[in-house]
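What follows is a pair of complexes built around chain A, which joins chain B in one and chain C in the other.
Take a look at the complex of A and B:
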């Protein structure tokens, strides 16, 4: 227990250091730190609709982040959440616009199922290459992100484009209001129940089933898992499919919730932020939920900040980068002297 | 055809420079996903310092300095501090992308992009027809890129330093037994990689173009990294892989002009990424033949939590 407490404390410390460094950069660029901080509090909590907006931004982070947790626990660096999120949203859009006069619950159900399947498929291709050929999944999932973004761009600028739309960024037509599970705020009882239910299911799967234990075993030591008769390839494929399914679901929730239509390149950072969220949450379900709400709050604050302090969105990307750079630092491995044992030297 | 070849050289040069950087990192056993961030930092710093001082040479020197400093930070985080190489690398990329976009607003009060008059000299220019087009309008960096690749090959193959680097990457324990400190070797490799990324970024902003744009690297750092794997982490191999990706890019740009009527633009733009997946797949098959390299590679890819 002290071990996990230590990990929580060190993670909090590292996130704190990342914030400090980013604040220093802001301060050096002439922003008044106190204004930025009060702006963040206002934009994420106290302003009208700010708390709702924080939850709205936390929802995709949580869903994609849970997928990252499953993948990382099994030892797979599936960082393709962005692409899976996009193709999920795209498929839900195609179903909803293609069948726009269908019965609302049925269409939404079909659209969500399509999103989940598309997300898993987008993840299973790198997953299959990984378990079958040993192809590095970090690079393939990254490339699938770029391809997914282009699929979205194609749909919103081509077949699904809103012909009456103006402005520089292409956007699709709106889905019928009857299909939506939330209003523009992105938060409703249905959405919260859905996301909460998924989080509980993932928790049950990871912490209370044989499969959850198997994943961790495969992640820690695939060779030993194989010796114990575990089909490592099958476990790998299932975890890839589950990660993709969660990201695809996030895409559907985005469309049926706050979006109602898709815009080229919307939420471009959510996939990477979800990785940061999962790591800050120490790859636990509730930790990820807490981190998602925290980073969702920051996202919401950035949308309010232009009014308050003129802080641009890239500052948030910078902050996420800082956190990612530092969050996996292991304090115990700080060695000021040459390592003593050969085993230590090998991993130094 | 001449136009395609010219565009190939222009698209390939930054890729080849950054791929050479990736080769150094890979040889030292680092799965370097921060190349993209270093590249964009190089592109921005060159423009920023170039604009401030009016000298492109100072801009490039400053870019090399900044990228080396960032590389040193990256080394410190993944080495002595024991952070995960991949996550920290992606973090470095985000710091680069976010930091440059932020600095563009904070320093120059611009959003999106910024034009610059400070550009690299172009040894041959003005040719508009015939085979001369192929070599025309290229910045000086395109011309010296082959020399840099050749130098990298000689350093890695012929110098004590290069051999130590490969040894430290493939089997750190053995290297340590032979009196080589793998950690220091990795720092040196990362510093060289940082400098080369700065050159790649500079070629992008002040070589091929006259501006810096937010996110202008657009995944090139990652594609360069794939070129390293495709080129079997050999400088010459990586350079040819970079040329190939440059060629794919040129075909994409060319067909965007000619055949957009029939093929949607987005599908043409997908080509490099689809090819990249094939490349990683094939490169991975290739890689698995080399068990020694596998040892060093696997050591740095251990999941940790």
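Take a look at the complex of A and C:
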């Protein structure tokens, strides 16, 4: 128990140090220290609509982050959340616009299912390459992100384009209002219940099923897992599918929630922030939830900053990056990531 | 004294080691090894696996710093653990595993690794080929300068490795088990090459496993046993094969005492594990199985002896289901399990103590209770809810570890915090649980202290007496003699000899070294 307390403390310390370093840099650039803190507090909590906005951004971070937790626990560095998120949203959009006169609950259900399946498929492709040929999943999932972004761009600039749109960026048509589960704020009871329910399910899966324990064994030592009769490839495929499913679901929630339409390159870094969220959350479900809210707040503060202070938004992007940097350094030193493929470990 | 790389000073040894000692944790790899190698001769170094041969070779090559003692080459003391100094002193090494980059062409690889003076950082292909043309022509065979290393046959790669080592004009050549991967004809060619080098004044130290090969090539032989020099260096003409065998496997006083165990009585003779004419693919480090027939019945311990790397790992992998038999049938509990996945075999009562307990037996960073519970994760018990209670898992793990007297503070501590003996107890507590029909124990006592070793052996015998079947794979002959009801010897992926208690140490040793086919 003391061990896990220590880990939580060291992570909090790390976030604190990031704050300190960021403040130092901004102070050296001529900004007042108090501005940084008031900017963050106001932009994420006290300004009108800021708290809601924090939650709105926490939702996709949590969903994708939980997928990252599952993958990382099994030892797979699935960083393709962004692409999986995009193709999920795209498939939900295709279903919703293609069947726009259908009964709303049914369409939303089908659209969500399509998003989940698309996200899984997008993740399973690199997953299969990983377990079958040992292809490095970091590279493949990363590359799949670019393809996902291009799929989105194709849809929003091509077949699903809103012909009356005059904006500089291509956007799709809006889905019917009846399909939406939140208003433009992105927060509603339905959305919160859905996300909370998913978090509980993931927690049960990871902490209260044999599969959850199996994932940890595979992630820590696939060679030993194989000797124990665990089908490491199957576990790998299932975790890849689950990660993708959660990211795809996040895409659907984005569409039926705050988005209502898809814009080329929307929420461009949510999939990567989710990786940091999972790491700051120490790969635990509730830690990830807490980190998602923290980073949701940060995202909100970045958007609100021009309204509440003189501080430029990139100031907080800096903070964000600092946390990401430090947490990655810490994470690498812990070496959750396996040193070699199961096959190598076996013959060594 | 002579310049480094020049001819050895007249009279003095080419290589002199003085009371070398190397320890890895509690394991003494080398202890008090003093060895003089006369210049211009071929010296063989033999011994069982884990006897310290590779460690000694590494110390000579500067790859391993000794804890005690020093190495002199041509009368000069080497700084310890310095590869470049060893090279500068004229010592070159050919490693057990190939070290040339597979994606390079022959010329590129040589230029990169041979460090011959006169190279430039920017080169043209034609120039490169010219630089290495003569060397490669000397090897003959299929080595063409523009061929990629990975496309070369094994023996050509070996020749290249040696050529690379000699390109620095080495006066001392150390080869670590160069014959392990070679076909007989290629071995003859290699030996011929070594003789030519010797005649050219090079001092050769070659680590070998097989006494036949020693007899074929060596001028002198030295034997390592348990990290100590058991014999030599002694002229080949002055030593009999029997004396060598004895030096390798242990003192004759023990050997002559016929040891065996009484067969368990009253148990029904049921075949629990059977391999029928099983062959498997070779791996990078080991021959595959060739036509292996094997039976383990209820209430017996069947021992597998053999110099390591003769297919023992393939055998256990094929039984465990980690490797698939290319031909033949594997039966577990009388039912065909040739195609069964590892989990299916576990469900039929197969239990395993793997070769390397720290990488295959446990997950070092996972908590104790999870390590202990690993088998419960694959059992196929239907339940109404898929949910489990972690507390129940932890309690059960704690109970079973207590039963096996694993010493720990908390079930949540990582497994890496346990000592070797305790880790093995943890593994036994997991594998020797109800449901066990047949146990495959691979090197179950390696690296354990006396008390832990005794405990493991008693556990295996207890299991046998309770009517289970045990397949014991070990390189410790005493362990095999004292515990096996029957003993098979593996050599080159085959079972080449079968013995029953009481055992003749000499005969077993001969079969292990390939002296008797």
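The rule is simple: the second predicted complex is superposed on the first by the 318 of 348 C-alpha atoms of A that agree within 3 Å, B and C clash if a C-alpha of one lies under 4 Å from a C-alpha of the other, contacts with A are read in each partner's own complex, and residues count from 1 in each chain.
In this text, contacts are C-beta pairs under 8 Å (C-beta built on N, C-alpha and C of every residue); 3 or more make two chains touch, one makes a residue touch a chain.
Since this is a predicted model, take the numbers as computed values, not measurements.
Of the two partner chains placed by the overlay, only chain C lies in contact with A:231; chain B stays clear of it. In the superposed pair of complexes, A:77 makes contact with chain B only, with no contact to chain C. Contacts of A:214 after superposition on the shared chain: chain C is touched, whereas chain B is not. With both structures placed on the common chain, the touch criterion links A:138 to chain B but leaves chain C unconnected. In the superposed three-chain model, the partner touching more residues of chain A is B, compared with the other of chain B and chain C. Using the contact criterion defined above for the overlaid structures, shared-chain residue A:283 touches chain B, although it does not reach chain C. Comparing the two complexes, residues 220, 345-348 of chain A contact chain B in one case and chain C in the other. Those residues of chain B whose C-beta lies close enough to touch chain A in the complex are 31, 33, 37, 73-74, 77, 80-84, 86-88, 90-103, 105-107, 111, 172-173, 176, 182-183, 214, 219, 222, 225-226, 229, 264, 266-267, 269-270, 273-274, 276-277, 280-281, 284-285, 288, 299, 303-305. The part of chain A that touches chain C in the complex is made up of residues 1, 3, 204, 207-211, 213-214, 216-217, 220-221, 223-231, 345-348.
Put simply, chain A touches chain B in their complex at residues 25, 29-30, 72-73, 75, 77, 79, 126, 129, 133-136, 138-140, 142-144, 146-147, 150-151, 153-154, 157-158, 219-220, 272, 275, 279, 282-283, 312, 314-330, 333-335, 342, 345-348.
Within the complex formed with chain A, the chain C residues making contact are 283-285, 320-322, 341-346, 352, 354, 359-366, 370, 373-378, 386-390, 393, 412.
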